[in-house]
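Pasting a structure here, questions to come.
As written, the chain order gives the labels A, B, C and D, with residue 1 at the start of each chain.
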Amino acid sequence: MQRVGVFVCWCGSNIAGTVDVQAVSEALKNEPGVVFSANYQYMCSQAGQEMIKTAVKEHHLTGIVVCSCSPRMHEATFRKTAVAAGLNPYMVEIANIREQCSWVHKDVTAGTEKAIILGKAAIAKVNLNTPLTPGESPVTKRALVIGGGIAGIQTALDIADAGFPVDVVEKQPTIGGKMAQLDKTFPTLDCAACILTPKMVDVAQNDKIRIFSYSEVTDVRGFVGNFDVTIKKKARFVKEDVCTGCGACVEKCPMKKIPNEFNLGMDNRHAIYIPFAQAVPKVATIDPDACNMLKNGKCGICSKVCAAGAIDYKQKDEIIEETYGAIVVATGFNPISMEKFDEYAYSQSKDVITSLEFERLTNAAGPTAGMLVRPSDGKHPHTLVFVQCVGSRCESCAEKGKEYCSKICCMYTAKHAMLTRDKYPDTEVYVFYVDVRTPGKNFDEFYRRAVEEYGVKYVKGMVGKIVPEGDKLKVQASDLIANKQLHLDADLVVLAAAIEPDHSARPLATMLTASMDTNDFFTEAHPKLRPVESPTAGVFLSGTCQGPKDIPETVSQAGAAASKVIGLLVKDKLTGNPCVAIANELTCNGCSSCERVCPYGAISYLDKEFRMPDRTTKIRRVASVNPAVCQGCGACTVACPSGAMDLNGFMNNQIMAEVDAICK
Amino acid sequence: MKHNNDLREEILRMSGVDTAKCMKCGKCSATCPAYDEMEYHPHQFVGMVEIGEIEPLLSSESLYKCLSCFACVDRCPRGVAPAKVVEAVRLTAIRRQGANHMTANDVPLILETDTPPQLLVSAFRKYTK
Amino acid sequence: MQKITREQLIDQASELLANGTVSTVLGWGAGEFGYDVTPTLFKTAEEMQNGFVFNDFCGANFSKYLVSKTKTLEGKLLVFLKPCDTYSFNQLLTEHRFDREKVYVVGIPCEGMADIAKVKEISGEGISSIASDGDRIVVTTLYADAPVKIDARNVLAERCIHCKSKKHVAYDTLLGEEGDVVASARFDEVTRLESMTPDERFAFWQNELSKCIRCNACRDACPACTCETCVFDNPKSGVENKSPSNSFEEQMFHIIRAFHVAGRCTDCGECARVCPQNIPLHLLNRKFIKDINTFYGEYQAGAEVGSRSPLTDYTTEDLEPSEIFVGRNEHA
Amino acid sequence: MQVTEYKPLIVAFCCNWCSYAGADLAGNNRLAYPADVKIIRVPCSCRVNPTFILRAFQRGADGVIICGCHPGDCHYTSGNYYTRRRMATLFSMLDFLGIERERTRVEWVSAAEGAKFAATMNEFAQKVAALGENKRLEDLRCKK
């Protein structure tokens, strides 16, 4: 039996004005377990807390009930008092007789009556309280960054800078991501390679950072502080530590008609390839689907020309298992497919291209060495039409577009238009827009410069259809301001395709038990106050995996994610919340209902041997809760048909005791 | 400024279109093959119905220039369906005149082997109700 | 009335026993009377010849027995499952209640089982023998001079009249022809109750539940009630009660029982079949099934292994609890 | 106001993060509601087991209301979605048994909605008071 002390607070006149505190403490004196009951002007004051401590000592109290303000206000205070008096902090219950009684009721009789009932409920609960100790778990001081684009790079550099080891997993043969494909960057027009490649080199040279390129995360287990991650390092058939990146193999490879992914298929690469000159790691990779040697054992030229002896046709996928304290998701984005937008003739004409293809077309390291020419005939285009919002803000066409604004298109289209006019003053450049959205430092000024200084023709209206005719593209569009339908003969059309999260994000979210929205963007723990954390503890978000972002925004979020990771990794131990679910192995059926409703993936199952009364043993599947992952919502307790799942601090019998006390 | 709220409500109900969804991109008008024939263009139908300015539409020849090809319905990124708005305004005009311009019996008389069936269907849709 | 014969089942089982595929057969055995067929374990073909029964009273759903039997038996257990039983079988697999590898399922077609209460209504009490003869059931009683012949279709169990599926959703061997999921009017009675006034409904259930003697047969026969320890037997659950001490505890039992199996109940009808008081308990389960289908889309528990029960699932667009009565056809 | 009006007993389960805070806010703003309403704090509305509700009725409650965060705002991301399904099916079942619908309710109250909390409690208490004493849940088995 508990020895309970009841402490009724007057809160000056806040409570005492409507509740007869003397009557309350008198009435509660005779409740089961109560050995001491008193009231005082300000329970939360120094003197009030001393009174509690003294009573605990003098009356050997094992539980405390404070009838006072909301537990949201002073539960923490009184828990500290309990600890100071030598009690477990979870042996304290609060009866909220201020916010939920004296302040909302005017009648003293009714208020007093209710306060007594609320006190009884708290006493009934505290009688069933047990001391709780928060679990502690160690923190592995290493972080994993999934994705090696600018988001992943920046996060990794910042974490490494604080002295923690970081592994970066990138599924392509090189880090760099989408930014490596870009030409210039708005609004300052510095070249992407000039600002990105030094960072890539920093990553490569940082002794705290390991790069797993051409690799994928295949399994994640564990929880915050201790994620056990399996990484598959795909065979690239080149020894990474031996290859010097000289490129002799690439030059001699006879298979040279493989569409080059890095240039979005606008030119070809060899079966053995280095994606681009500044690739990190600068190591060749053999495409197993294209290489003759790997397909049918004939060729082997690359092996012969490699002075370093780096080629290894027998290389196998490598499985790496590592433990991490924190995981940062930086899986990035892709432009959506334009195949389904029949009206824009993307599949019919080579001269209808996406903006990312335009980037490669104008990039000095691109397929045309930066010469802006038509992909179809290599001729210089005179009339260019840029179409914005292709697939963005598309509500009716879920099967081909996206409902959201892709955010970056307005600015890069202004950039493309401006650069075209700058380099080729003989061109006519039209931009068809729905709205021009340019919030951001120096962004609107940039867009206005395109119009005012460079003579880009911005037309308010959408393009309705594009029909290839001869060597022209017949563009039919609206000019809503002039209230005219325009018919243009264009040489090149550039579509500002909506962007979507990378397809690897969805399976990764499942592995991480991190939640996603309907568009497959990762959800943040709080949209305003915790924007770089996922609801799953220890998983952080960086870059466009969380939503469309431009480079400055991505870099700032990457830094923010890094600082959250650092904040976690500096801790030696994590202290949990002891109010977590607990499974009773004896009554658990192992039916998985609880696992299905757990938002955190905190429940797993194990086959456990039980000794039966007849001395036989029986192996049963039973649930086990990871207290470091459980957040204590209690969804599992109701899903459990056998009542085997319960929640510390809010046990079934405690809540029912409260119900009984209130309804008695 | 809402001119004729009752009529507006009726047209919205008849067409089943939510004009508030329109983001004023003009893709409907950009895609319209009858654009140059029309005094008021598809996006204007949506916009004018939205603000209740419907009388000018009712008296405009544009009503009968719409081919009901539904290209605008197909292309609209917001699912607004301008052709259905045009259709509803047209219906309103026809109802006011109190008669159908075409009955099923008229169809065989104008039926020619090389008439595209789609034309007949859309003409029938346009001039009946 | 059954198209499949006792001999066919014995042959199939004997073969599997002989070739070592299975070590034991879970089948129907004779009870005290011809109609109270009892689940029985058979180890040999001979035992089956002597004790195995297959007739129009073999309603028992064996899937639940697999939970305990597979834990103790050596080798594989052969079990005969009717189409409706296979749904329970799958549901139990979904809940990891037994090891699929330890079971060999012989799917058998079912033409519907007879309800002994309905038979007795025609024949009267004192049945001394009962046998199937084609489409008829021949009953001899102590009090009648001549055997009574009853058309088996007239005494079909309620759950069989509203059979939801002739299709086996799980089996290793199938005897006879595979059937289909059939359109049934199983929710009609629920709909009829829904269309009553609350007062009428209250009176209906007051009448029905007042018959309950808390024998727990409904729970004990239910294939969804396989808890290691039932909350009603567990002093720590807070709702423990072996026998009701007041009227409220009685309905609490039935509401909690139905809620515990909601989303997992395959509508096999065992609860109503075994109720000695003939309380239409299946209506409570069907009400949950009907609501789940209406609110969250069609769901048949056990149709496939691993499916997620609608009550452990959600969509962000779900109906609000305040909206469930909107547009319901009834007297308010 | 009727003098003989029945004083009902109402149990309100409030989730710690939104509705309990909403109730506190009602207090801070001194928004009155009947003292018949007694609040039990739970971490999340999904902690409310149907058994608790039946237990409350068994012990003499006249109405039970469950308050949680608005859908989409759950502190635990999805708890209240489960609540929504569980309570919808439970309430429909109680109605099926002939129990008065107005005795049970789910309301989403955010931490900012003190006024909504008070208004909801006033309205709910009024409805339950009009129904009078909870007899049906106790009487279901006893044939008259």
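Worth pointing out:
As a working rule, contacts are C-beta pairs under 8 Å (C-beta built on N, C-alpha and C of every residue); 3 or more make two chains touch, one makes a residue touch a chain.
The structure presented is a predicted model; accordingly, all values stated were derived computationally and were not measured.
Shared contact partners of subunit B and subunit D are A. Taking each chain's centre as the mean of its CA atoms, B is the chain most distant from subunit D. Taking the mean of all protein C-alpha atoms as the reference point, the chain centroid lying nearest to it belongs to A. Taking A-B and A-C together, the chain pair joined by more C-beta contacts is A-B. Mean C-alpha positions place subunit B and subunit C at a centre distance of 59 Å.
Inter-chain centre distance (subunit A to subunit C, centres taken as mean C-alpha positions): 47 Å.
Per-chain CA centroids place subunit A at a distance of 36 Å from subunit D.
Among the residues of subunit D, those touching two or more other chains are numbered 50-51, 55, 78, 82, 86.
Shown for subunit B are the residues in touch with two or more other chains, of which there are none. Within subunit C, the positions touching two or more other chains are listed as 238, 311-313. If you draw each protein chain as a dot and join the dots that touch, the picture is not a line, a loop, a star, or fully joined; it has some other shape. Contacting chain pairs in the structure are A-B, A-C, A-D, C-D.
Interface residues of subunit D, counted against subunit A in their complex, comprise 9, 11, 16, 20-21, 23-28, 30-33, 35, 38-44, 46-52, 55-56, 59-61, 75-79, 82, 86, 118. Residues of subunit A touching subunit B in their complex: 343, 389, 393-397, 401, 434-435, 460-465, 476-480, 483, 485. Remark: subunit B residues 21, 23-32, 35-36, 41, 43-44, 71, 75-80 touch subunit A in the complex. Interface residues of subunit A, counted against subunit D in their complex, comprise 70-73, 96, 98-101, 103-107, 110-111, 113-114, 117-118, 121, 515, 523, 535, 579, 597, 599, 631-635, 637-639, 647, 649-650, 652, 655-656, 658-660, 662-664. Against subunit C, in their complex, subunit D makes its touches with residues 50-51, 54-55, 57-58, 71-72, 78, 81-82, 84-101, 104-106, 136-144.
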